[in-house]
Every structure is written in structure tokens, then in C-alpha cells.
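Take a look at the structures listed below.
Look at the two complexes coming up: subunit A is in both, with subunit B in one and subunit C in the other.
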Partner chain A sequence: MLTILFDGLAYGMLLFVLAVGLSITLGLMNFINLAHGAFAMAGGYIAVVMMQRFGLSLFWGLPAAFVICAIVGAVLERTLYVRLYDKSHLEQVMFTIGLVFMSMAAVDYFMGASPQIVDVPKILDGNLELGFVSINKYRLFVIVFCALLTVVLQLGLSKTRFGSRLRAAVDDARVARGLGIDVTKIFALTFAFGSGLAGLGGALGAAIFSLDPQFPLKFMIYFLVVIAVGGTSTITGPFFASILLGVADVAGKYYTPEIGGHKIEIGGFVIYTIMVLVLIFRPQGLFGRAPGK
Partner chain B sequence: MSTGRRTSQAMSWFANRARWRWPEIALWIAAYALVILFPSRALLFNEVAILALFAVSLDIVLGYAGIVSLGHGAFFGLGAYAAGLLAKAGAGVAPLSDPTLGLLFAALVCGFVGYITSFLVLRGADLTRLMVTLGVALIFAELANRMAWLTGGADGLQGVAPSKILGLFDFDLYGRNAYLYSLTVLFLLFVLARKIVQSPYGLSLRAIKGNALRARAIGIPVNRRLNAAYTLGAAYAGVAGALLAQTTSFVSLDVLEFHRSADVMLIVIFGGVGTLYGAIVGAAAYKAMYDILAAATPQYWQFWLGLALVLLVLFVRGGILGLVAEVRRRIAGHGK
Partner chain C sequence: MFDRLTRRQTIAAFTLAATALTPLAARAEDTVKIGVILPMTGPSASTGREIEAAIKLFQAQKGDKAGGKKVEVIIKDDTGVADITKRLAQELVVNDHVAAIAGFGLTPLALAAAPIATQAKVPEIVMAAGTAIITEASPYIVRTSFTLPQNTMPIAQWALKNGVKKVVTLVSDYGPGIDAEKTFVETIKAGGGQVLDSLRAPLKNPEFAPFLQKAKDLKPDALFLFVPSGFGAALMKQVVERGFAADNIKVIATGDVTDDEQLNNMGDSVLGMITSHNYSADHDSPENKAYVAAFEKANPNMRPNFMSVGGYDGMALFYGALDKTKGDTDGTKLVDAMKGMAWTSPRGPISIDPATRDVVQNVYIRKVERKNGQLYNVEFETVPNVKDPFKAAKAGK
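What follows is the complex of A and B.
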């Protein structure tokens, strides 16, 4: 029971780091970037390449994944995405799905279709025995790391000047622009930072979930659930949504109640049903505020 | 006097829109002629016809009602299972296992489910709709996977053996009759869809898509109209799924996978949104592209598909039919 909770927590924390960039860019520009998972996949593969080809440890892979993904994100945002902000949601969806397909095929071409196996650093390998419960060291590291990251993000958003500008822009981009805030610049920076975080999450999670070219499509659904449940106006919303989703997902894989003689695995249902119910009764998200407009 | 003239003007405008033009007639004749010209490719043509019907169904929802759906595959899969299960249950009992009855059954089931879910879908704006449709599709896929006692689970539904079409034509091994059957269903449903989108009801959908607030202000019951369009699209998609189940005698979980919903969206966009014929052109182009690219690079054809999509969004508005119209405008412009 405790192990499930713990694994779920680690999984949820990872989901949060993966999805938070998407949630903010969506709230800021009302732009549907389904290719967000592609950045996460890129981060994962960057870490894998560094470890397998150059023999570096994961601790080098993490910052590298962050920096490279952030740069790629910034470049793509300035050259391609910027042309789509005034287009319809449908076109944004098609465009970003096109990017997803391209990234999947490209990764398949260069790295092969089989899942990558990632060795965690020696110090984080194995379990920590705490008498009554044994804890996987790497998962503990993931939880601590992501928790620190979340605190930093929350502080950055609430205490810094950039953070308050960002919050103003998310709240109402037009008024923020009228007050002299350069929303375009803020958006570019946020987009790059969010892409970097996705890359970081991908690198961090490569050892926990299987990393293969199908990744962006598989996780696109999870991202959408996080955003649907968590809303896009804060980062605490997606945070709790991610934890909820992570625990529900891991727990759903363990419990298989029997209904009418048939074993029913409830994993997927719980998540999708939660998402649909939340969307119906609270379209702004479980933790989101109703828009003031 | 003047109202009378205005009415007759409106009537002639409608009549003009509804008139069959020669490229349309040529297209359908060509479609039927294909099976005589290339009898060995009938199975491929059959797939195109089914895909085209599926695309038409999404075009009704997306192109006319303006509902962005990422989960239209749910109805395709549901229709396939409905027809498959009916054919299995009624195997041997002639009227029950008739394919046409299977189509009707699939349309009813999907129409009903579509009607129920349309209320969920219509609650939100674009992004919420996207996620609700996706969520509904995922729930269906999970259901089919878990209810293995009914659907066969990962092994698929085997032993789907529909009897002769209307008790007259058997499904042959080369897919000739299957293609003619699918094409005829496509043709009949297409004519119906064409009538619907050109009717006053179809015009009211266009008005809603243009501006829902103003449409409501001139007295169009917006939500009821959209519910109806979603239901119709769902029923059409169900028929397409049923055709697949009947002509391949097999239903697998693949019919409910996410890529079905994404593919059909690509097809509609490729062809041109809100044109109906775009769905057919898009389906043919998509299948041809798939055939050529997948033959050249079996694993990586997705890359070219993605690239085509990106370029389409960036440079061409309105898909292939939009491109054709643009070229024709350019040529006409040069002539002057």
C-alpha cells in the first residue's frame, strides 16, 4: 500500500515537471501545443545518448537535456510556432500533431524503435530499507528533486518580477500588453523554459517509464488529463492533478476487482472517467478559477 | 409581389447549389469503373471507400458543425463491434446476418451513443471539446480491451461471417463485391449528406459555425442543431466501421485506437474541411500516399505525413480542394 503511494507520488511528480510548461503556455497564449511530449522525448534521448555513447552519468544528462530542449524550444517558437498564434485551434492541433509524427519517425530512424534501457547512477541504485518499508532510491531522488523544483517554480512565479509579469499576462494578455508588459517576449521565454522542463522530465523519467518513439503520443493523453483536471491558471492546480493522476494510475494497475466473474483492471478507466467528469462539471479544471472575463 | 420574387430567387439559389455538376458525376462513374480497370486492387479501393465514408462523417461534425473532435474513432470502432457482434450472433439465420441490417444496427447504436455524448461534448469550448472527445474515445478503447468476454479482447472478434448482401451477392475473395458494396453505401450516404448540408438545416449549421452568438440571435436553436449534427456524424462513422467489420470479417482492438481518430482528421484536413468531396479526395490521396511512402520506407512514412501536415497548415488553406480552387483562380486571373 505504502509502496503504491510512493511509486504513484514519484510518477505524479514526474508528470508535473513534464506537463507544467504546457499548462503555462496554454494558459498564456491559448495555444494547443500537442508536440510538448516530443520535447520530453528529446530530453530522454539526449540523456540516453550521453550515457550510452559518451559514458557520462545521468547527473550530466539532466542539465544537458534541459538546456538543449530549451534552446530547441526557443528556436522553434520564434521560427514556426509564432506563425500559428492567430490561426484556429484546429490548425494548431494539426500542425503540432504533424510535428509529433515527424519527431517520432526521426527518433525511430536514429535510435531504433525498441525501448531504451537507462542505468541509474550507482549511488541511486537499489532500495533503501526502512524496517517496515523498502524504498527505491532513484524514486526517492525523483521525488526530492521534483519537489525542490516545484518550490523554486512557485517562488519564482510568486516572488520575482518576471513571475508577476507572467501571472498578469496569463490573467489577461490584452490588459497586460496595455500596461506595457512585453507579452511576446514573456511567452517566448516561458515556452523555452517549459520545453526545457519537459526535456528535464523526460531525462529524469527515462529510467522509470519506457522510453520509445511512441512516447509523445502516449503521454500527450496524460498531459491533456493533467491540464483538464488541473486547469491552466496556476501551477498548484496541475501539481495536485499530476499527483492525483500518478497515484491513480499506479494504484489502478495493482487493484483488479472482480465483477461478475471477470477480472476488471480499472487503471485506464479511473483516469479517463475523472477527466471527463471534471470537464463536464468544472470546465475550468478542478483547481482552476473561473475566468473573470 | 416582391416577397414572392425574393422567395423564388432563394429557391433558384438553392436549386443551383443542389445541381449536380459534371466533375461530380465523372468522379462517381470513375469510382465504379475502377473495379473493372484494376480488379486486382479491389481490396485497396474498398479501404479507400470505407475511409472516405469515415472522413465524410467527420466532415459533417468538423467541417459543418465546427466541432473539433479528436475522438471520432470511437464511433468507427463502436460501429465495427456492433456489426461484428450482430453478424456473429445471427450467423446462419438469414435475415439477421444480412450485412445491410448490420449497417442499420451500427448506425442506430452509434447514433444513440453519439446523441448521448453530444451533450457532454457541447458543454465546453474548443479545447474542452478536444479533450472530452478524446476521453470518450479512450474510455471506449479501454472498455473493448477489458470486456474480452464480449469483444475477444486483444485476440479480436473472430468468426464474423455476414451472409450474402440482400441474400443475393456473396463477398468474394478478391474484394470485388466488397468494394462495390462499400462504394454503393458510400454513394447513397454521400447523396444524403449532400442533401442535408444543402438544406436549410445545413445552412443553419454554417451560420452557427460562422458565429454562434448571432445564429442564436436570429432564432436558430444552436445546441439542438449541433446535437443533431454530432449524432448524424456518429451514425455515419458507425456505418463506416460496420463496413470494415463486414468486408474484412474481423474486428480487432485496432479499430478503436487513437491513430484512427488522428488519421481521419488528417484526411479531412488534407482534402479540405467542409466540402464533403474533400473527404473523398483526401481519403484517396492519403491511401495513395501511404501506399507509396510505406512501400519506400515502411517505418518512417509517418515523417513525411507529419511534414505534409506542417506544410499544409503553414502554406495552404483549405487542403487539396483549396489548392485546386487557388490554382484555378490564379489561371483565371492570368487570362484577364
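What follows is the complex of A and C.
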């Protein structure tokens, strides 16, 4: 039971790091970036290349994934995304889904289609036996790391100057500009940061899930469910949504209730059930702002 | 305006070129074509690449002549999507006038092409897909790969012989997985064993943790695994992470899990794992040594796996049938020629069951060992001439 909770927590935390960048771009910048998963995949592959080709440990792979993905994100934002900010959502979707397919084909070409394996550092390998529960060290690392990251993000957004400028730019870009805030720069930085986080999440997750060129499509659904359930424009919304979905997903696959002697496999659809329920009762998401602000 | 016009013109030019070229090629009387439909991109791309490499190797070794005719191979990519497989099969039959269609990386893909094989009376050589029912979908289907029940039964029998009483199964939730589960569960129950639970993970499921945890909590003697080729490494990583060995739970599987192509990447943690399968790159025979050496020479950094052998033997079957019919490409005659054919493949002696058109072959029990610095499935027991148990059971009734 505790192990299930623990696994779910680790899974949820990972989902959060993967999806939070998307929540920022979608909620704060009102831009639908379906290519978010492509950045996550890139981060994973950067870690793989660092470890396999250069023999470095995952501890180097993680920051490298963050920095490189952030730079790539910034370049793409300046050259491509910036042209689509004022376009309709449909055009944004078309553009970013195109990017997803291009990234998948590129990875397939350069890295091959077979799943890549990431070895966790020796120090994080194995299980911690606590008598009543056995805990995987790497998953524990993921939980602690992500929890710290969440605190930093939340503080960064609510307490720093950059955070308040960002919130101002989102609420009313025109007024913010009038007050001398460089909105373009802030958006570019935010986008780069979000992409970097996706890359970081990809690198963290690569050691738990397998990494293959289908990654962006496989996880796109999870990202979108997290955003739909958690609501956008806050950090806490997607955070709790990720945890909820992670735990529910893992528990749903572990427990198979029996009804009338038939085993009901609920694992596959338990997260969608949660999403549907949340959307019925709170269409703006669990923590989203009410519409019509 | 500019954009649209040029694009349209380009497409038109390509179409013209394509239609102009096709009849030319088709008119060559002495050429027999075989259309091979494989997933060359997408999640099952490794299957496609292995089979393509094997087919090229076969033609490089045996030449391109069979039954007095030149054999031309056309390879098409269906990306692993059944609708595309069906369309490609149709195009190959109608436009390219192929004498046979072959390939088929996954069960749904093989089934999608079956009605076309039946209607056009064209042999469909299944080189990869492993669900038992496939050969029943059309009287023109002949299989050179394997069936899941065929590969699963021996490991279940091995488990019973080695003191395994209580088992849990975990399979991918689709045709072949359910075949494997059914065979394993029936064999264990028939042998007096107990099945504690049968778990099914969604095919596209990156997180096996809950299923593995549940299997562990049930404390069986053995956990049986099946996932399709290409998914094994990801599963084994999580299996190792869960620490089954510490609880004295044996982890056994079909050879799909310790696929030769991925085995080396799985690391030492899979050492000693027992699986049953129809092919290992380590199989000890002169035919296989020659095959592996030639394959690795032609494809550096690639090791032939069971998929490649299915492709290689599929070509051997087609060549053999053409030789028998003396170049006659009538589909019914070709299938009749294939029935009962027997030859020595790199995997050992194999034959086509005349009654079911399915492959009959040895199944080996293997253990993962390190040899010359690489991981291999080393065979230590042979179950000779295994027929597909599902169809054998039906015929017995």
C-alpha cells in the first residue's frame, strides 16, 4: 500500500516537472505548445548521449538537459514561436504538432527507433529497506528533487521581481509595456525556462520510462490531462493534479476490483475518469481561475 | 499563389513519372515480384529493419534467381498502422502484380492484409507476427516466424519441472500477449500448478511499476513475462528495479523479452534469466554461425534477432516454392508448393505444417550468459518440432 503511494508520488512528481512548462506557456502566455513533449524527449536524449558517448553520470546529464533545452527553446521562440503568438489556437496547434512529427523523425534518424536505456548513478541504484516498506532510491531522489523544484518555482513566481513582472505581462501585456516592462524578453525567458524544465523532466524520467522517438506523442495525453485537471496559470494546480493523477494511475493499475466475479481492469481509464469528473464539476480545472476574469 | 501552383505541379509531375515507370517494370516477363510490407518507421521499426537486412542478405547470398526467374523484392513501409498495411497490400497486388506479399510486423497488420490475399489468391508470407489465429484468417497465409503458444508452452513446462508451483503472469494487453497468457496459464494448471493472478499491461504503457509491485506482493514462485520485441529493455529495467531475486521469485519469459537486438543494453542484471524461444543468435549450428557472421558483416552494430530469421526463412520459402512450381506464379500453386516444405534454417530444422500452413520448429530453453564480452541467450534444452499448440488442440478434438 505504501509502496503504491510512493510509486504514484514519484510518477506524479515526474509528470509535474514534465508538464509545468506547458502550464506556464499555456496559462501565462496563452499559447498552445503541443511540441512541449518534444523538448522533454530532447532532454532525455541529451542525457543519453552525455552518458553513453561521453561516459558522464546522470548528475551531469540533468543540468545539461536543462541548459541545452532552454537554449533550444529560446532560439525557437525567437525565430518561430514569436510569429504565432497572435495567431489563432488552431494555427498554433497545427504548427506545434508539425514540430512534434519533425522532432520524432529527426530522433528516429539520428538515434534509432529502439528504446534507449539510461543507467541511474550507482549511489541511487537499488532499494532502501525500511522494514515495513521498500523504497527505490532513484524514485526517492526524483520525489525530493521535484519537491524542491516546486518550492523554488512557486517562490520565484510569487516573490521575485521577475515573477511579478511576468504576472503583470500576462494579465495585461499592453499596460505592462507602458510601465516599461520588456514583455517580449520576459516571454522569451519564460518560454526558454519552461522548455528547460521539460528537458529536465525528460532526462529524469528517461531512467524510469524507456525513451524512444514516440515519447512526445505518448506523453502528450498525460500533459494535457494534467493541465485540464489542474487548470493553468498557477504552479499549485498542475502540481496537485500531477500527484493526483500519478497516484490514481498507479493505484488503478494495482487494484483490480471484482464485480460479479469479473475482474474489471480499471488501470487504463482511471485517469480519464478523473479528468471527466473534474471537467464536469470544475470546467476551469481544480485550481484554475473562474472564466471571464 | 506561387506556393500552391508549384506544389500542385510537382505532385502532378511525380504522379506522371510514377505511372509512366510502373508498367515498364511490370512488363518484364521473367521477373517475379514479392511485395514486403514492414514497419520501417514508428515504434516497431526495429522489426522492419531486422527483416529488411535479412532479406537483403538472403538475396546477396542466394542470388536473385528462383524457378528460372528473377526475383525482385519491393519493400514498403506501413509504419505499423493496419490501414496503411491494407492499402499497401492492395497497391502491391493491383499495381505491381506481385506474386506474393510478405512481412507483417504485428498481428493486426497481418490480419489487415488477409482479405486481400484471399480475394487476389496471392500467398501472404507472415515473417514476424505471432498470434496463433493469423493463419486461419486466409487459406493463402503461410507463416515462417513463430506462434506465441508455440514459444510459451515449453517455458511453462520447464517451470513445472523445476519446482515452480505458484505463478503470476504479466503480458502486454493485445493478441499475442493474451495468447501467451492463455497458453502459460493452461499449461501450469494442467501440470497441477496454481495461477495467483494474470496481469495485463496496456501495450503503450511506459510505467510497469504497479503491475510488477502487485506481482511481487502476491509472492509467487515465478513471474512469467511477455512484451513484444522492442519493449523488453524497458520492462526488464523496471523488473530489476523491483528486486524479485531478493524475494526468491524466478522471472521467466518468452524470448521476445530478451530480444537479441536489445539484450546487450540490458546490462548484467538480466544475467541468468531463463526464457524459451525459437531463435537465439547464439544457436550452435554451422548454418547459424555462417548466418550471424554474414549478417553482422553486412550490418555493423546490428545483431540478427528472431525477426530477422523469420524474414530470412520467408525468402527461403518463397524461393523454394518458385523452384517447385518452376517459376509458375499462380498463387494457389505457390501455397500448395509451400505446404510441407522443410529445410534447415539458421534456427535449426523447420517445416511448414501442410494442414495449418504454420511453422513447425524446435523451441529452445535459454539462459542469459556473458560470452566474449557480450550478453547472449545460451540454449541449454531443446524441445523438438513444436507445432502450434492451439491448432494442435483443435485438430485433436
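We take it that the second predicted complex is superposed on the first by the 276 of 293 C-alpha atoms of A that agree within 3 Å, B and C clash if a C-alpha of one lies under 4 Å from a C-alpha of the other, contacts with A are read in each partner's own complex, and residues count from 1 in each chain.
Here is the rule we use: a contact is a pair of C-beta atoms (placed from the backbone, for glycine too) under 8 Å apart; a residue touches a chain by one contact, two chains touch by 3 or more.
Given the structure is predicted, the values throughout are model-derived calculations rather than measurements.
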- Query: Regarding the shared-chain residue A:K87, is it in contact with subunit B (first), subunit C (second), both, or neither?
  - Reply: first
- Message: Quick check for you: in the superposed arrangement, does A:S210 touch first (subunit B), second (subunit C), both or neither?
- Response: second
- Message: Is A:A251 touching anything from subunit B or subunit C once the two structures are fitted on A? First, second, both or neither.
- Response: second
- First (subunit B), second (subunit C), both or neither: which does A:D108 touch? both
- Query: Regarding the shared-chain residue A:L5, is it in contact with subunit B (first), subunit C (second), both, or neither?
  - Reply: neither
- Item | Broader residue contact with subunit A after superposition on the shared chain, subunit B or subunit C | B
- Kindly classify A:L128 by the partners it touches after superposition: subunit B alone (first), subunit C alone (second), both, or neither? neither
- Query: Do subunit B and subunit C touch any of the same residues on subunit A, and if so, which?
  - Reply: 105, 108, 113, 265, 268
- Enumerate the contact residues on subunit C facing subunit A in the complex. 41-43, 45-46, 49, 173, 200-202, 204, 206-207, 209-211, 213-214, 230-231, 233-234, 237-238, 241, 243, 261-262, 265-267
- Item | Complex contact set, residues of subunit A against subunit C | 3-4, 7, 11, 105, 108, 112-117, 119, 126-127, 134, 136, 138, 208-210, 212, 214, 218-219, 249-254, 265, 267-268
- Item | Contact footprint of subunit B on subunit A as seen in their complex | 26, 30, 32, 80, 83-84, 87, 89-91, 93-95, 97-106, 108-109, 113, 217, 221, 224-225, 227-228, 262, 264-265, 268-269, 272-273, 275-276, 279-280, 283
- Note on the structure: The answer for subunit B against subunit A in the complex is residues 62, 68, 70, 120, 123-128, 130-132, 134-136, 138-139, 142-143, 145-149, 258, 262, 265-266, 269, 273, 299-303, 305-310, 312-314
